[in-house]
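Both of the next two complexes hold subunit A, though its partner changes from subunit B to subunit C.
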Partner chain A sequence: MNLTNMMDYHHYPIYAVMVLFLGAFLVAAGGARHSKNPDNPAGARAWIALCATGLSLLFLVLLVKPVMLGGETIAYWMGMRGIAGGYAIGIALEVDALSLFFALLIATAVFVSAIYSIRYMVHDECVPQYYVLYCLLAGGVLGLVLSGDVFNMFVMVEILTFAAVALTAFRTKVYGALEAAFKYLVVGCMGSTAILTGVILLYAQYHTLNLAQLASLIPGSMNDATKLAFAFLYIGFSTKAFIVPFHPLAADAHGAAPASISVLISGVLTKSGIYAIIRLTWFLFQTMELGSMQFMLVFVGSASMFVCVTMALAQHDFKRLLAYHSISQIGYVLTAVGLSSALGVSAGLYHAMNHTLFKGLLFLAAGAVLHETGTTDLGRLGGLSKKMPHTTVLFLIGAFSISGIPPFNGFASKWMIYQATYQRAVETNNIGFLLATVIALVTSTLTLASFVKVTQSVFFGQLPAEYENVKEVPFGMRLAMGILAALCVLTGLFPNTVTSVLTEPAARAVASVGEYISAMGFKSALPTPELSFAHVGVWAPIKWLLLLCIALLALTIASLAGKYDRVSAPQEEKTDTKYQLFYGGERSVYSQVGGGDLFWGFKHNWRHYFDFMHNLHSGVVNDYALWAVIALALAIVYMMIAL
Partner chain B sequence: MIQFNYIAAFFLICLGFYTIVTKYNLVKTVIGMSVMDYGVNLLIISVGYTPGGTAPVFTAGELTRASYFVDPVPQALTLTSIVIGACVTAMSMSLVVRLHESYGTLDTREIRRLRG
Partner chain C sequence: MTVFLTGLQYLGYILIFPGFLFCFFCGLLLTGIDRKLVARMQKRVGPPLLQPFYDFFKLCGKETIVPAAASRTTFLVAPLVGFAALVVVQLFIPICGFSAFTGMADIIVILYLLLIPALAAILGASASGSPYAGVGLSREMVTVIACELPLVLVLLAVAKAVGSALGTGLCFSVSEIARYQVENGSLITRPSMIPAALAFALIIPGETGSHPFDTAEAETEICEGMHAEYSGAPLAIFKLTHAVKLLTVTSLFVALFLGGIGTGIAAVDGVIVFALCVIVTALFVSFVHAVTARLKIEQVFKYYWTVVSGLALVSLVLAWYGL
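Here is the complex of A and B:
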């Protein structure tokens, strides 16, 4: 094979995956000894990992032109073993715009997090092994979204679950890390078993493992075994996406894992689960025209949204709180995708992208706080904006984005999701979709409330004496956060470019299953539908940005001109006069509202609900396993009745 | 009677689920996960079985239209699955050891620092 042949872009998908696994191998081959440089204990091995993730991203970016803009679907047979006798005998990679969209998200998050890791992981033991697992995790997820073979998807799921569990437990001395890893392993393993069972039931029916061929065979020949397989696969991939009822695992894992891994768990693992669910429902079984399937996805999505945002409100740990928000945002994605309209899918994918960006940014900011202060307990932090101004600004960008404040990216995608749900409600005259719109709006409000609380209790307010010597984080970490923040702002300011280059080609790929099948060389009579992405897209982000600047300026002037008292509160009086400002009516200069108490009244009114939820999330692994079994049973029953 | 294989496979999977859900000992949880794996392996190997088929080992010259053998694909899948199962067991047992060191117990009801 000559060089020009090797550099043909059809090879890029496999290169993107292989370079990560090769990176893992090279890092492992470099041994486990720490180098002498205290700023980078893994030495050259860290740079190998960084180069591997960067190259992988580069290969995928080069695919944007042919796949996203050119509309080509790359079908790639490993070892040139293609179709024989009408059956796929080789292992295939198939990259359409949907795969590439998710692959780009994943590669971006992985690359940025690798930049961050180099300075973030300096205090840990066994840093070289961290990079081995890191590359394995990245390779597993990328392999999952680029694969065209359902068994291959299962193998990749196992690789990523293993790497993720190991990385969750990486800081074994962190409170609860081992426990979180074990719970994740048990329920994740049940999920993997469910996926394998589903795969094998499909193989028994259709004697092929190729996604495109299965997609050409399954619709029209659904029987009970296929439905059973669907239920197993759906539940299996749900555990990977951490949607309800698997959300407690995400919360545990995020809290214990290093922040750079939390970025991958929230931005990458959940996306791979969502990707697989889209592949299942839209491609493999093609059931999205059915009202029952739409109901299922919208219901699960809305439940994830609401349950997780309320769980987040009750949290006292920075990263755990972010973890619940992460799943809440995944709920938005699932709801939008479940609408089964072109606008809905486009909006959902847009939000998936934004979620990776802003959630990554927030986790990295939380990691920066942890790196400097050694804690993520909201009750003990405070006033860090004076010590870490850059981190504060970057965190605020992330917080504005997730709360859906214009002109940041969260607003653009949430706006599309509200419209998509409402549009479906008008089209179908179905009250359920209307309810989904309301839940999405309420969730967004609660998200904002929750981030007001976090910002107040971590970055503003009183600086505890023990953090007087806290410094700003190193440049490498700020660079990683800066990249994500810049992307958050850019994708918010130019939503039309994002939709036309990234999400609409991907949404078009979701709708044109026929092309997916025929690109692989199988027959398909499915037509390519005409899609309309029309919506009230007359937001003008630049104007919103100006408005935001004016508002901030006004606030600054007002606070400077007014009687702004710079006296800091003495520590010991904090406990007594905490609530007086709001409840006592007494003049209390020295009162500071603690982080967890900002919404005291709200939490008091909802105490029965919060108590109930707190007791429900008992932390016992048996309970979470029971939820998994119940979910599986319900899914099986539902599929049998509804399909 | 291949039906018995399918019944046994799903019985083993359910037994695995049952063990994980009802047993409060971490080691038993790991056993439950293994049992679940064995169930799936049995299912895979049963899917590829054809009554009277021989082992799917042929050289290119021997293979004719009349060759009658069991499906080789599920056997390859089972091998992969067995390897993964062994890894799961190894990893979960190492976690159990570390958990026992730091919590001093194997009871899942007491290993619940993270909740709510």
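Here is the complex of A and C:
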């Protein structure tokens, strides 16, 4: 094989996965000793991991032109095997625009988080092992979304689950880390087993594991065993996406894991679950035409949205709060995808991308706070904006994005989701979709409330005396956050570019199952549908921003011409107790403005709901395992009746 | 030359009508009228009509004090951003048939753009570091959540009603809604829209923080809450934002439910819309202010999510079945 042949872009998908596994191997080969440099205990091994993730991203970016813009579906057989006797033999990768879309999200998050890790992990033990697991996790997720057969998806799920469990428990000295990892292990393994069972059932029925071939065989020959397999696979991948009822695991895992790993669990692992659910429902079983399947996804999505946002409002730990928001945003994605309309899928994928960007940014900001102060307890923090101004600004960009404040990216995608759900409600005259629209709109406001709480109790308010000496985080960490923040702003300002280059090709790929099957060499009579991404709303972020800037400029000139800038100098700090802050007779630190009680007026009206939720989320792994069993039983019954 | 003239025209829109100058005068005047009306209803003499103007200019001349615990930049920039964002929203609201900028934002976007001034005020208050401001912003946020649900339901009902009348199924564009009303008469004349109009009218005092929903400011208990630490010019900007918000929300009400009365001449229409805003303010802000006492925050929330949302829901269901 000569060099030009090797650099043919059809090889890039496997290169993108291989460099990560190779990176893991090289890091492990470098041994476990810490280097002498206190700023980078893993030494060259950290750079190997960074190069591996960077290269992987590069390979995928080079695929944008043929796959996204050219509309090609790459079918790649490993070891020169192929179709023999009408059956797919051997391991295959199949990359259509949907796979590539998710792969790009994953590679971006992995790369940015690797940049962040270098300075973030300096105080930890066993840092070289961290990079081994990190590369394994990244490789596992990337392999999952690029894989062309269902058994390899299971293998990759196993790799990523165990890497994720180990990384959750990485900081063994953090309170609850081992417990969180154990919970994740138990329920995660139940999920993996469910996936394996589903795969076995399919193999027994159809004697093939190739996704494309299965997609060509299953829809014509649905029987009870296939439906059972569907239920098992759906529940298995739900545990990976942490959607309701598996959301408590995410909270525990995020609370304990290092922030750079939270980015992967939230931005990458959940995406792989969503990706697999899309593959299952749209491709393998082609059930999205059915009202019952749309109902299931929209219902689970809306439930995830609302339950998790209210759970987040009740949290008083920065990272646990972010964890619940993560699932809440995944709920938006699932709802939009479940609409079964071209606009809905495009909007859902757009939101999936935005979720990776803003949630990554927020977790990194939480990590920055943890890195400098040693805590993420909202009740103990405060006033950090004076000590960490850059982190504050970057956090605010992330918070505005997730709360759907125009013109940031969260708004662009949520706005499309509102329209997609409402349009669907009007088209089908189904009041359920209307309810989903209302829940999505209200959830967005509750998200804002929750982030106002974080802003107030971490970055603004009074600075506790113990954080007097806190410094801004190192440049490497700010750089990683800056990249994500810039992407948040850009994808919000140019929604048309994002949809035409990334999400609409991916949504087209979702709708054209026939092409997916025939690209692998199997026969398909499925037509390529005509898709319409038309929507009734109008939103021109650039023009709006221009107007705002002109207005702000005019206002600033007017204020400067007036006396706005004649601000009296701040008085020097008075230490006498009579200058301290009081509220309602109490020292301000004892007032109810911090942490958990900030939105008392809201929570009081919902107290029965919150009490119920509080009792339900017992934190006992047995309960969560039971939920998984119940969910599986319900899914089986539902599939048997509905399909 | 034409580019230059068009640019000048748009600059005129932003700076004069329906932008800054219009907002400044009409907003403050509307507040003055409101204060006078409330006073007369309570058998007081009340301040002169131009009192908000006097307050504004007096505050501008006062010293600005930044608390030691405050994050200085956010504290000072927040009022400016909030006001600028609000003025931009006003540009999108059609005045009878006339819209200065079309094709830039629909009603869902306007709903979210209206959040920016509230968010700016919240961030400014948060940056001041005062616990009073902390309580104030907590209440403000709960009020925003409280108003959001009914507002969403009202907007969805309007979108559906106009959409099915136009035959497109849905209509999110404000200028389309305005044009529909010019051709077919005001939406409030349709029976299905009356509960929605009433719900929106009840949202106005909540959105503008007027009695009995002014828990977030509550001078008597938490020292004006969010504005506790503000003084001088930033406080003047906040007061102005408050005044303009009254104008924005009432003119949005007029645009959505009382449209189609105009003459086609922008200046005359401006006067008509302002007159309608005054009537809406008198009925749903001043009168309500004069006869009620301040609610507690949990009561505000409950009221909006039950009574007002219920009204809006009735409208939505009626519109859904094409009435």
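By our rule, the second predicted complex is superposed on the first by the 592 of 643 C-alpha atoms of A that agree within 3 Å, B and C clash if a C-alpha of one lies under 4 Å from a C-alpha of the other, contacts with A are read in each partner's own complex, and residues count from 1 in each chain.
Convention: a residue touches a chain if its C-beta (ideal position, glycine included) is under 8 Å from a C-beta of that chain, and two chains touch if they have at least 3 such contacts.
Worth saying up front: this structure is predicted, and the values here are computed from it rather than measured.
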Partner chain(s) touched by A:L280 [first = subunit B, second = subunit C, both, neither]: neither
First, second, both or neither for A:L196, with subunit B first and subunit C second: first
Partner chain in contact with A:Q462 - subunit B first, subunit C second, else both or neither: second
Contacts of A:A52 with subunit B and subunit C, given as first, second, both or neither: neither
Touched partner set for A:L555, first subunit B, second subunit C, both or neither: second
Subunit B versus subunit C as contact partner of A:V19, first or second or both or neither: neither
Of subunit B and subunit C, the chain that contacts the larger number of subunit A residues: C
Subunit B versus subunit C as contact partner of A:V127, first or second or both or neither: neither
First, second, both or neither for A:S385, with subunit B first and subunit C second: second
Interface residues of subunit A shared between complexes with subunit B and subunit C: none
Contact footprint of subunit C on subunit A as seen in their complex: 383, 385-386, 392, 396, 404-406, 411, 415, 418-419, 422-423, 426-427, 431, 434, 437-438, 441-442, 445-446, 448-449, 452, 455-456, 459-463, 536-540, 543-544, 547-548, 550-552, 554-556, 559, 562-564, 566-568, 570-573, 581-583, 588, 591-594, 598-602, 604-605
Interface residues, subunit B side, partner subunit A - complex: 13, 16-17, 20-24, 26, 29, 33, 36-37, 40, 43-44, 47, 71, 73-74, 77, 80-81, 84, 87-88, 91-92, 95-96, 98-99, 102-103, 108-109, 111-116
Residues on subunit C engaged by subunit A in the complex (per definition of touch): 11, 14-15, 19-20, 60-61, 63-69, 71-72, 74, 76, 80-81, 83-85, 87-88, 91, 101, 103-106, 108-109, 112-113, 115-116, 119, 122-123, 126-127, 129-132, 134-135, 137-139, 141-142, 144-146, 148-149, 152-153, 156, 159-160, 163, 168-173, 215, 232-234, 237, 296-298, 300-302, 305, 316, 320
In the complex, subunit A residues that touch subunit B: 151, 155, 158, 162, 165-166, 169, 172, 175-176, 178-183, 185-186, 189-190, 192-193, 196-197, 200, 203-204, 207, 209, 251-252, 255-256, 311, 314-315, 320, 613-614, 617-622, 625-626, 629
